[in-house]
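In C-alpha cells below, several structures.
Shared between the two complexes below is chain A, which has chain B as its partner in the first and chain C in the second.
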Partner chain A sequence: MDTLGIFLQIIFWGLYAGCIYILLATGLNLIFGVMKIVNFAHGEFLMIGAYITATVFFLTGINPYLIILLSMLALIGIGAVIERFCFRPILGTGKLNEIFLSIGLIYIFQNGAAMIWGDSWQSVKSPYDGITVPVGSLSVPLDYILIMLFTAVILCGLYLFLKKTTIGMQMRATSQNRKGAMLVGINVERIDIISFGLGCALAAAGGTLWVVSGQVFNPYMGSIPAVKAFAIIILGGLGSIPGAIIGGLLMGLAENGAAVLLGGIWKDAISFVILIVALVVRPTGLFGEKGE
Partner chain B sequence: MYFNRDELAKYGMIATLAIAVVIPFLTDSMFILNLLVLMLIFIIFASSWNLLAYSGQGSLGHAAFFGIGAYASTLIAAQSGITPFVTIFIGAAVAAFIGILIGLTCVRLKEWFLAMVTFGFAIIVQTLTVSVLAPVTGGWDGLSSPRLLSPSIPGYQLIEYYAILVITIASIAAIWYIMKSRIGLAFLAIRENELEARAAGLDPVRYRLLAFAFSAYIAGVAGALEIHHIGYLTPELYGVDNSFWPITYVILGGLGTLAGPVVGTVVLTVIWEGLKATGLTFGRYVIVGVILILAIIFLPRGLVSLPEQVQEWLKRRRRKEPLPEPVGD
Partner chain C sequence: MKYSTLVIAVLLVAAALIAGCSQQQATTQQPSAASSQGIIKVGVIASLTGPASNVGNSMWQSAQVAADKINSDGGVTLKDGSKAQIKLIVGDDESTQQGGQTAATKLITDDKVDILVGGYSSAVTSAYEQTIAEYKVPYIVTGASSPIITHRTDIDTSYIFHHCPTTDSYGQYTTTFIDQVLRSALDKKFSFAADRPIRLALLYQDTAFGKGVQTAVNNTITNNKLNIQLVAQQSFKMGESDFRTQLTLIKAANPDAVYLAAFPNEGAPIITQARRDIGLNTIFLNVENNDNAQFYKDLGQYGEGAIIESRFSPYVAPTGAVADAQSTFKQSYFTKFRTYPDMMGASTYEGVFIGAQAIGNAGTTDKTAVRQALVALKMPQVIEAMKDKTISFSPDYRESSFDLWMEQLSYNATIGETRPAIVWPDNLKTSDFTLPSWYVAGSSS
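Up next is the complex of A and B:
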C-alpha cells in the first residue's frame, strides 16, 4: 500500500478507536464534573456493557447495534447502585480513598465477570461484517462508519440533554457550584446518582460498540482503555467535554500511528509517554484551567 | 477493657517477632514456609508503598520498582557471579535511581495525576523490557535468576527464611527511623499543608524525591528478594496485580502506620490462602475487593485502629450515646 493509503488507514483506525475513548472519557468527565471524583474502575462498565451485548446477541440474535439501548439502561442501574453504596459514603474523605475504592471495584467486577462468563477471549461477528465502503483509495468497513455515527448521535443526545432538560441544567449547576446548587433547591444527591449512571451508560455504549466492531474482549479488557480515557481527560482538561472529544481523537490517532510506526507492543505505552510528557510540560493539562 | 495504645503496640510487636522466629519450628511443611517467605517479602513491599503514601503520594505503579530491583539484581548477579545477598542491595539502588527520575516528573503532580503517571510508568517499563531491552531481559520469556542459597545446602529453606526475616525487620526498622526522623516530620508537614511547610523552610521537591528514592529502594529490595527466592523472573512482575496488592494490604492494615502493612499483609494472606482451600478462583478476588471497599468505608484507618474503635464503641455504649458519623482521612 502507498504511503497515503497507510496514512489514511491510520486515521480511520484512530478515529474509530478514538470513538470508544471519547465515550469513556466523556462519561468520566461527566462524573468528575458533578461529583469531583475519578473512578478508575470506569473501564469495568465498558466491559460489562460488552458482555451484556454479547450475551443478549448470543441468546436472541437481534442486531447488536440495537442492544446498545439495553446495555446503556442496564448500566444506568448498576452505576446508580455503585454510586449509592460505594462512592457516596466516602465522598469528601480524600481523593486517595476514591482511587483505592476503585481498585476494590476493579477486583470485584473483573473477577465477578470471569466467574459468570469465563476469562477467555471472545468475539462477536457483526451482521455487516465484510461490507466495506470505498473512501478514496481505501475501503473502510461499514462497521467503523456506523460506530462513528453512533458516537456522534450519542454525544449530540448528551449535549441536548445537558442544555435543554431540567435535569441537565441541574447537573450543570451542580458541577459549577455544588453549594450554590443546594441553596437553590437542587437535590444534589439525586443529581450525583443520575450523572454517575449516565457516565456508566456512556461507557456501556462504548462496550457495545467495541463488541460490534468484532474486537475481542475478556473480563480484563476494561482497565487499559479506562486509564487511557483518564489520560485523555487529563490532557483535555478535567471536566471539559470538548477537551475529552479532541483528546480522545488525538489519543486514537497517536496510538494507531505508534502501532504502525513503532510496532504493536507500543500501542498501550505510547499514551502514557504522551501523558507524562504533557504533564511535565503543563501540569494542569493542555486545555485545563487548574485541575484542583 | 482498657488498653494503652503504646503498650498494645509494644506487646504486639514483641509477640509478632516471637511468632515470626518460632513459627518455622511449628511446621515441617515446605509449602507453609514458602508462603511465610513470600508474606515477609510482601510485608517489605507493602511497607515501601506505605512510606510513599505517608509522604502524601499514592503510587499505582509500585510494581515498576519491584520489577526493576528484581531485574537489576538478577542481571548483576548473573553477570558478575556475586552472591545475591549483595546484588539485592545494588539492584535496589538502581530502582531508587529510577525512582528519583520518575519522582522528578511527578513532583508537581498530586493525587490522580500522580496515580496516573505512576500507573503509566509501570506499563512503559514493561513495554521497554519486552521490546527494546529484550536481548538483555529475555523478553516475555524472562530469565532464570540465581537462587539466594543453593538448594544443595541442607535446610536451606530455613536459613533463607531467617535471612529474609532479618531483612524484613531491618527494612521496617529503617522505615520507622525515617518516619520518626526530621525527614519523616517533613513528609507529614508537606502532606498536610504544602504551603505552610514551604513557609517553615521545607523544600517540598527535595522531600518528595527523597520519599520516592527511599520507597523505590525498599520496593527494589523486596522485588529482588522475591526473584532470588523463586529462581526466575518474567515481565509479569510489572503487572497491575503487583501494583495493587501492596495498596490492598496497606489500606486494610492501616494507611500511614508502621504496623499497618504488616497486619494487612498477614491478615489478607491468611484469608487468601484460606479461600484457596475452598476452591474459589475468581471468587477470591471478588471477596478481597469487597473486603477492601468495606474497609475503606467502615474502617478508614485500617485494622490497626480496630482496638481503639472497639474501645470507643464500648465507651459510647456504656454512656448510651449514639455513634458519631464516621469521619475519614
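Up next is the complex of A and C:
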C-alpha cells in the first residue's frame, strides 16, 4: 500500500468514526439548544441503543440495520420519561443540579444495564460481515458505507423535520428564544419532551450503528463518547446542528490522525487538545454566535 | 450557560471517568481474630465490573471453587491442631486504579483479611501496592503480569508474591517460538533465503503490561541476536475498541506476523478488524490472558490460524500429570457456574491453595509468619504445569515458574468458534503448527 493509499484509508476510518460522534453530538446539541441543559448521561443512551439492537437481533435474527427504527423509537420513550421525571423538576434550578443529576443517571443506567445484560463485552456480526466494496483505490467493508449512508439519511430527515414541520419550527423557535416562544403560544414543555426524546433517539441510532460495525460493547461504553460529544459541540458551537456535524467529522479525522502521528494513546486526548485550541482561537465555536 | 462553566464541567467529568487514582492513607491495623474463630479470611481482588469483568469474574468464581474444595476436604490445619475453614471476601477493583485502591483498603481495614489473592491489570494492581506495603498483608498476585509488581523499588514489595508468568517470561517464550517454529514454517512454504529476517509487528496496550511485552520482545531479539526485524510497533489505550488506523499502518509495513499485547476484549476485535476490514491476512500471536471462552466466542472464523501462548485453556490440556487435575477443576467450575474457567481463573484457584498451604505451614494467620512460609514454600503443582512440578517463589523477586506452551486455533464451523491445539513445545504438542491457506507472508517492498 502506498502512502496515498494509507492516507485515504485512514481518512475513511476517520469519517466512519465521525458518523457515530455526529449522531451523538447532534442529539446532545438538539437537547441543549432547546432546553439549555447539560446531560452527561447522554452516552448511556448510545449504550442502551446498542443493547436494544443486540437483544432484538439475538432474539429474532432480524437484520440489525432494520432494528435502528425500533431502537430509536424505544429511546424516544425512555428519553421522554427521563425528561419528564428527572430533568423537568430541576429545570432552571442551576447547572450544578443538572450535572449531578446526569452523573447519577450514568451510574443508574450503567448498573441497570449490567443487571439486565451482564457487564461482559459483547459483539454482533452484521449480515454483510466480510463483504467489501471498491471505493476509488480502496476496498472498504460494505458495513461502513451503510453506516455513512444511514447517518446521512438520519441527518437529512432531521433537517427536514426541523425546517418543514410545525413541531420542528416550534423547536427552533424555542431554541432561539424560549420566552418569546411561550408568548406566541408554543407549549415549550411539550417541545422539551420532544427534543429530549429526539436527542436520545439520535444517540440510539449511533448505538445501533456502533453494534453493526462489529465493535464490542458493554454497559460502560457510553462514558468516553459522551465526553467527546461535549468536546464536539463546544468545538462546533453550542446549539449549532451544522457545528455538531462538522465538529464530529473533524473529531473522527483528528483522532485517527493523532493515532498515526502521535500514537494510539492520543486518540482520546486529542479531543481535549482540539477543545482547548478552539476555546483560545474561537471561543464561540466554529458555528456559534456571541452570547449563546 | 457560559462556555467556561461547561468546559470546567466537561473536564471534571472526563477526569472522573477516564482516570484518577486517589491514594488513601493507612490508619491503624487491627489484629485479626478470624483464625481464633476457626475461619481464615481470604480477600480476593478481582475486576467484577468494568472492561476486565469477564476475566475478573472467572478469577472470583475460581477462588470460590478452590475454597469449596479446601473446606470440603476439612479446611486448613493450624499450629494448635485446630481446623480452620476458608472464608472468601471479594473486593471489586472495577477495572480502575481508584476502584482497586478502594477494594484493597476495604479488604484490609474493614474486613481484616488474613491474606490477599488476585489482581488482574498491572496498572490497577500497581496503583494499590502501596497499601499492601503499608499494612504488610501477604498478597499472592495471580493475574497482573508486569514484572514491576515485585521488581519495583519505590515501595516495599516483600509481602507480594507473583504467581503468574511475567511479561518478561512469556514475551521471551513467544519470541523464541517465532524464531524457531514460525521461521521454519515460512522457510518451508516460501523457500526464503536463509538470512531473510522475520518481519514482526507489535500492537500493544499502552500500559505497564503492554510495554512489558514490548520490552521483552525487544530484549529477546537483541540479547539473543535473533534474525527478527520489528517492522512496526503501534500502541493503543486500554479499553480501546477501534484499532483500524493502527492496523492500517501495520499492514503497510508488510509483516510476517503480528504480536498482540492485549486483553481479550481488545484482542478479539483487533483480529476481527484486521482480517475483516483491513485484509491483514497474517498470523496473530496472543498473550496468555486471551485463553478465555469469551475470546473464542468473539473471534469466530477470524481466529483461524491464530496463536495463543498459554498455560491453561478452557478447551485443551497437555497430556501428563496435570491433565486430570485440570479436568476435575473445569468440571467443578462448570457444575457450579455453567461455563468454563479461564487462565487467570486457574492461577487464582491455585492462589487460594497456595495461601491455605502457607497458613497451614505457618500454623497461624500472623502475617509475618505467613510471609515467611510463602518465602520457604515448596508445594506440589496443583492444576498448572510448574517447573520441577513444584510451586515455589524465586528468592529475588518472589516469582513462581511455569511450563508454558503455544496453541494454534482452528475454526469449527459447526459451533461457529475456533478451538485450540497445542503445537509447541514438541513434548506437549498434539498437532503441528501450519500456515493457513490464506496466509500472506510479509515483504520488504
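As a convention for this text, the second predicted complex is superposed on the first by the 290 of 292 C-alpha atoms of A that agree within 3 Å, B and C clash if a C-alpha of one lies under 4 Å from a C-alpha of the other, contacts with A are read in each partner's own complex, and residues count from 1 in each chain.
What we mean here is this: contacts are C-beta pairs under 8 Å (C-beta built on N, C-alpha and C of every residue); 3 or more make two chains touch, one makes a residue touch a chain.
All of these numbers come straight from a predicted model, not from anything done at the bench.
Once the two complexes are overlaid through chain A, chain B and chain C clash, as defined at the top of the document. Within the superposed three-chain model, A:Trp121 lies in touch with chain C and out of touch with chain B [touch as defined at top]. Of the two partner chains placed by the overlay, chain B and chain C both lie in contact with A:Leu275. Within the superposed three-chain model, A:Ile99 lies in touch with chain B and with chain C [touch as defined at top].
When both complexes are overlaid on chain A, the residue A:Leu146 reaches neither chain B nor chain C.
Of the two partner chains placed by the overlay, only chain C lies in contact with A:Asn218; chain B stays clear of it.
In the superposition on chain A, contact of A:Gln9 is made with chain C only, not with chain B. Of the two partner chains, neither chain B nor chain C is touched by A:Leu138. In the superposition on chain A, A:Val260 makes contact with chain C only, while chain B stays out of contact range. When the two structures are aligned on the shared chain, A:Ile108 is found in touch with chain B, with no touch to chain C. Shared contact residues of chain A with chain B and chain C: 38, 40, 95, 99, 103, 114, 119, 223, 227, 230-231, 234, 263, 265, 268, 272, 275, 279, 283.
On the chain A side of its complex with chain C, the touching residues are 1, 6, 9-10, 13-14, 17, 36, 38, 40, 95, 99, 103, 114, 119-121, 123, 125, 129-130, 132, 139-141, 144, 214-218, 220-221, 223-224, 227, 230-231, 234, 238, 256, 259-260, 263-265, 267-268, 272, 275, 279, 283-284. Within the complex formed with chain A, the chain C residues making contact are 1, 3, 5-7, 9-11, 13-14, 16-18, 49-51, 53-54, 57, 206, 234-237, 240-242, 244-246, 248-249, 251-252, 265, 268-269, 272-273, 276-277, 279, 294, 298, 300.
Taken together, the chain A residues at the contact with chain B in this complex read 38, 40, 86, 89-90, 93-97, 99-101, 103-108, 110-112, 114-115, 119, 223, 227, 230-231, 234, 263, 265-266, 268-269, 271-273, 275-276, 279-280, 283, 291-292. Those residues of chain B whose C-beta lies close enough to touch chain A in the complex are 53, 58, 60, 105, 108-109, 111-113, 115-117, 119-121, 123-124, 126-128, 130-131, 240, 244, 247-248, 251, 255, 282-286, 288-293, 296-297, 300, 327-329.
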